[in-house]
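Okay, so chain A shows up in both of these, paired with chain B first and chain C after.
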Partner chain A sequence: MSVHIRFLEWCANLCRRSVLGGDVIGPSHDHVDASLSHGSGVGTALSKFRVETATRTSRIVLVAGSILIFVLVLLPAFAGRTLVQEMIFVFYMLGLAQCWNLLAGYTGLVSVGQQAFVGMGAYLLFFMISTSDIDPLIAIVAAGLLAGALALPTALVVFRLRGAYFAIGTWVMSEVYRLVWAQVKSLGGGTGMSLATSTTFQIFGIEWIKSLFGVKTSIARDIIIYWVALVLCLGAVMLIYTVLRSRYGLALAAIRDSERAAESIGVDIFKMKLWVYMVTAIGTGMIGALIYLHKARISPDAAFSVLDWTANVIFIVVIGGIGTIEGPLVGVIVFYVMQTYLAGFGTWYLILLGTLAIAVMLFAPQGIWGYFSNRYGLELFPLRRILRANHRDR
Partner chain B sequence: MLSWVDTILQGALLGGLYALFAAGLSLIFGIMRLVNLAHGDLIVLAAFAILSAMTALGVGPVLAFLIAAPILFCIGYALQHFVLNRTLGRGVLPPLLVTFGLSIILQNALLEGFSADSRRLSAGTIETASLALLNDLAIGLMPLLTFASAVAVILALNLLFYRTAVGRAFRATSDDSEIAQLMGIDNRRIYSLAMGVAMVVVAIAALYLGIRANFDPTIGPARLLYAFEAVIIGGLGSFWGTLVGGIIIGLAQTIGAKINPEWQILAGHIAFFIVLVIHPRGLFPRAID
Partner chain C sequence: MTTNDKRELSTFDIDSGLFRRGISRRCVLKGAATAGLSAAASPVFAPYVQAARVIKLGYVSPQTGPLAPFAESDNFIIGNFKEAIKSGLKIGNQTYPVEVVTKDSQSNPNRAAQVAKDLIVTDKIDLMLVASTPETTNPVSTQCEIEEVPCISTVAPWQPWFIGRQANPRGGPPAWKDFNYTYHFFWGLEDVISVFTNMWSQLATNKSVGGLFPNDGDGNAWGDKQFGFPPVLDKLGYKLTDPGRYQNLTDIFFAQINAFKEAKCEVITGVMIPPDFTTFWKQAMQQGFRPKIASLGKAILFPVALETLGKNGNNLSSEVWWSPNHPFKSSLTGMSARALADAYTQATKKQWTQPIGFVHALFEVAIDVLKRAPTLGDAKATVEAIKATNLNTVVGPIKWGQENLPPFARKNVAKTPLVGGQWRIKDGNKYDIVITDNKTAPAIPVGGGMQAIG
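Take a look at the complex of A and B:
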């Protein structure tokens, strides 16, 4: 009896170390052993193996991506105001999409209530700016962190619901927040309010931008918002990539594939989910604050809009490819093109968007990126660990 | 004091309407574990279907309902057969996202077809008729009729579930769809039938929604949330629980509104979360998700 239990313990330990302690999930014993030696740095006999994640494509992407980011940073120097405005839109939609993707695509927390944190961040920013002379940039960070803090009590309630019921529960929660903010009369109640132009001009570095580019104050403000949007959007991508490359990423993949199996090898599911929920709330809250700093006008119905901040975001992720970092990148381009050329059709545009999302979900559930990545084995942000032999003669 | 009795009575009767909203959702969830995010929009669709029948044929709402119900049954059957059945058995995400997309499509298609104007199903004098209970206490005939219909719908659904062959198949698929299939039940047909029945229930809910209040293409999602809250409070898979859930939401809303008219909806949501914290599985859970 006791031998039997000890054997089970040993198995559990082995699994736990291989998934959470080391870097490799291996199908056979050799690989597990290699991972242990990799993790602890002992076992010279096994050092003929090494673990790699980079592929040739990913190295090319790293270079191309760096150039692209460099160009994007310098964009305001040569682009017109319209392009800058449109890029701000693309960046914040992409940021929101990456946050939702981490939540739904990687952690299995399908929320249709992320507008709660967009609106929360936005309203906290408006509250801070209109009651104090805080720098708007600091207000964005503070609003995000506060939204994240509020995600904790929110999570403790909505985590009682599972699967599809969790989805509607988050939606109800965001309605509660909307109705509560609509009660705050100093922020305009149900009709909302506008920020005085002068307050949004008190942003860090605005004089420097004005003299550097020789532009008006309002354009200088847009440029700063553009950079913040770029930073938040890149930050979201980098954060998700870093998380997924870490041992927590493996734990998340395990949770997504089978909660029960993940729990049996020692993943603390509740803690992981709570952690991801709060991190995405901080990100979503900061992006929400930025969006409404840019718009400079807020109302409860707009800031907590399920269509703008959740439906559109879900469409971006699903059409692009859920559960991949590349998917939202592809999705946001499709969304931007559709928005630019078709938004004038109003209701028909939304009918088309809905139909497209349904069609993708039914016939190509992995989205555009998933389809191409399966077909051609492309991976811009490689997450798979590849075990290679160290050939001395190579 | 009497005004509070009145409030509580009104709240309980309003709960009848919410139970009607929720019965269809509860039915679908109970049988195929599908959470239909387009449920509220389907209620609005049904209301517009009844309205169209009224204006096209010049008939009253009840006759229009009788004409629209079979059509809505077919729409529900087809929706399940061609779209929703493809999403089942593939995890949480596909049904959720497909019904979410459907909700957006329905709202915008209704906006395109019927504009954003508020409509109403006019039922004549019965709309304002009331029943005097005491000298200063009267209850509207329409709310009373709504509540009675909710009870009747739930009785009928229970009869359907526990006294008929189709109901046996419904319960079998609900308990274990694979074993049910081994016993010769065609699950996909059962699901389509269930969605058809749910659409008839939805049509009943729409009839009362349209007579009692204004509706426009955008009010669906809020109705979905009330329905959902009633189902969760009642406990998954229990029709009588759904009625109790509806009553709790109705009571919370009217009591909230009495304290401050702006708190009506908020009070309903907060009551829902309170029940959720105390009884995560609802008050009368039957089905296991």
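Take a look at the complex of A and C:
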């Protein structure tokens, strides 16, 4: 124990020296004063310090982010349809990317089978709204939860595998689900089906949006889908941030860095992994349901596409920076810009995507964000707790 | 446990907090934020440029990916089309320039839906054109129906296009709804069934047929017990051996081959994707299964598919929807089918393929419709013009609302003539298709009779 405290003090000294002038103070600081001394009898030594998570950057980001979210919510009121349309795409790709990021970047579960849950959510949504009068918005939530429930048996199978075998296992499971849905004749089998135009217009609040913005039904529908996409995307980001800030986040980081070491200090690895796998399946399932509500047409090959719903998502996370919340934000911008301006080059565009991914993996394995973050110490969503000296106590 | 946790927590934090100090982080952040914001917001503040009204046609096709052979001639056709209407299109007293915005579906239904939406929302197209396989036509048509944008599609049998887009695909006619903005021209299953059975009747066989139907848009329609091959074959006295729906890109067809051998099938039919047929046919040859006739939809439309089979491709038969021998002329350029195919070969040094005629016809119909639509930019008026189409194109006459279709599909589907042909080897490894049966469309001349596979 005492060795441990010595170490803490040594670190704190280092911290103090490295902080500009050593006086980072302010009433708004997140501090966990002396909580470390609990029951240890060395309270006096430790009360000189406090633990912070917020940085100046993160506070600026919080303000700028809140403004940005506010602007995004109001976007359909002043932006053209094109922008709304593009943002729907950005939001759902970002949402999927954050889910995969939590899974692979923080838990070390490198799944290439997340399309299983996109497809599952989508098919469950189609099943619900074509067989009942359920509102599509409720169906999205229900489809997500059901996809999450189906993640449990899936996990029991794939969790028996590790590393590359796990990756292949998840892909195989997703193919199994694709083949199963392709047998459901009432949903079009391998051919797929489209939603009737009238069905796609029966969304809660659509009439209200129509009269509020004075637009036709299909535009009102897109606006609602835009908001749902925004909510799901922000939800995915906040979920990851909240999880990682909690004690579970530490457990996840420990698992990522060394499963064995984490287990030896009492982290219940299986439970943690299962929990993350199911939560990301719910998120992925809800986003999948939304994507296909937007497309209004489904077929097994499209809904369970490994290229669209996993390869592109991995690209976004890897390019941006795996294991960071900021990474996928950067990655999705890169992906969107490349797709918008380069997709017209056909095969060359795909070759370029692959080349860029390889280049980033070789020369900046932490991704674009990781590279800048290491270089300039940037952190928009601070997850670390920093020990600082308490000057006022002296 | 609690203290343990906390201790773990503290070392962890300090450790990682140590090296995270940056003086310049603020300026970097500022830069990043500005860049991010301006990237996100630029379309909002972009100045709106008022240009002269241009008629915009959106065209979606699979230019890359496994379906790419269907779109191989796109550049040639669109080049031709632009040349033909370079002086603009006269509607009323006004002449408008015509622009074609092409998008690649990458052979991917997700991408097809996305680019269709882009064309509608961003490019604000007046008319959507889409071609080649239900995987391309269906997502695009669905988007157009929702967005109320007129859409003309082709190169997909009408059943997978019409039934495959129903909210209740198993429901049957009263539950099936017609469409308000999406129209299609091509042939249907009933046509390919008559073409195939007519070809088979030219040769003496034991009337035992083996069917290869995958679990995809086409396969489910062809193998359907109510609307597909089975009821017709039954009526004509053929015995169908259908080993069930298989998945596309199957590696091993031994189960099917054994079933066909057991039933002593002398005729093979089905609708396979080209790589699957190659696999099937090679394995059938290895196993010593050599039927007299093999009539396949979709699999052997392009000469390259035959060339990979070497000499074993001789006398394989296929549906022929268009050939240089079709006695039709383009309403746009006045070119005959033969002239169009020759121009293609001259421009690209490649053998003609069937989609050339249909992609050309798609643009013929588009111009004809726009000419007759009284007001530009009025979707309903454009739809009325599509319905009233009566045009002789390079693939034959196109007219919606005809009697040759079941009542539920009449409004949205127009049929073009279909005949059958056999691929024959000419000079070494090159293949050419010879029309061997024209009972379904006597206007199209035959080039020879059916020959059994040797």
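Please note the rule applied: the second predicted complex is superposed on the first by the 347 of 394 C-alpha atoms of A that agree within 3 Å, B and C clash if a C-alpha of one lies under 4 Å from a C-alpha of the other, contacts with A are read in each partner's own complex, and residues count from 1 in each chain.
The criterion applied here is as follows: contacts are C-beta pairs under 8 Å (C-beta built on N, C-alpha and C of every residue); 3 or more make two chains touch, one makes a residue touch a chain.
Keep in mind that this is a model prediction, so the values were computed, not measured.
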{"item": "Touched partner set for A:Thr200, first chain B, second chain C, both or neither", "value": "second"}
{"item": "Partner chain(s) touched by A:Ser258 [first = chain B, second = chain C, both, neither]", "value": "neither"}
{"item": "Contacts of A:Arg385 with chain B and chain C, given as first, second, both or neither", "value": "second"}
{"item": "Which superposed partner A:Ser246 touches (first chain B, second chain C, both, neither)", "value": "neither"}
{"item": "Partner chain in contact with A:Val337 - chain B first, chain C second, else both or neither", "value": "second"}
{"item": "Touching partner for A:Leu307 - first (chain B), second (chain C), both, neither", "value": "both"}
{"item": "Partner chain in contact with A:Ser66 - chain B first, chain C second, else both or neither", "value": "neither"}
{"item": "First (chain B), second (chain C), both or neither touched by A:Thr347", "value": "both"}
{"item": "First (chain B), second (chain C), both or neither touched by A:Leu179", "value": "both"}
{"item": "Chain touching more of chain A, residue-wise (chain B, chain C)", "value": "C"}
{"item": "Contact residues of chain A, present in both the chain B and the chain C interface", "value": "179, 182-183, 190, 307, 347, 350"}
{"item": "Residues of chain B that touch chain A when the two form their complex", "value": "34-35, 37, 83, 86-87, 90, 92-98, 100-105, 107-109, 111-112, 221, 224-225, 228-229, 232, 262, 265-266, 269-270, 272-273, 276-277, 280, 289"}
{"item": "Chain A to chain C touching residues, read off their complex", "value": "4, 7-8, 11-12, 14-15, 18-20, 35-36, 38-40, 51, 56-57, 60-61, 64, 68, 78-83, 85-86, 89, 130, 179, 182-183, 185-197, 199-200, 216, 218, 221, 247, 250, 253-254, 265-266, 295-297, 299, 301-302, 305, 307-308, 333, 337, 343-344, 346-347, 350, 372, 375-380, 384-387"}
{"item": "Parts of chain C lying in touch with chain A, wherever the complex brings them together", "value": "1, 3-26, 28-29, 32-33, 36-37, 39, 43-44, 63-64, 104, 106, 108-111, 113-114, 117-118, 121-122, 134-135, 138-139, 142-143, 145-148, 160, 163-170, 177, 214-217, 219-221, 245, 247"}
{"item": "Interfacial residue positions of chain A with respect to chain B in the complex", "value": "104, 108, 110, 112, 157, 160-165, 167-169, 171-173, 175-176, 179-180, 182-183, 190, 306-307, 311, 314-315, 318, 322, 347-348, 350-351, 353-355, 357-358, 361-362, 365"}
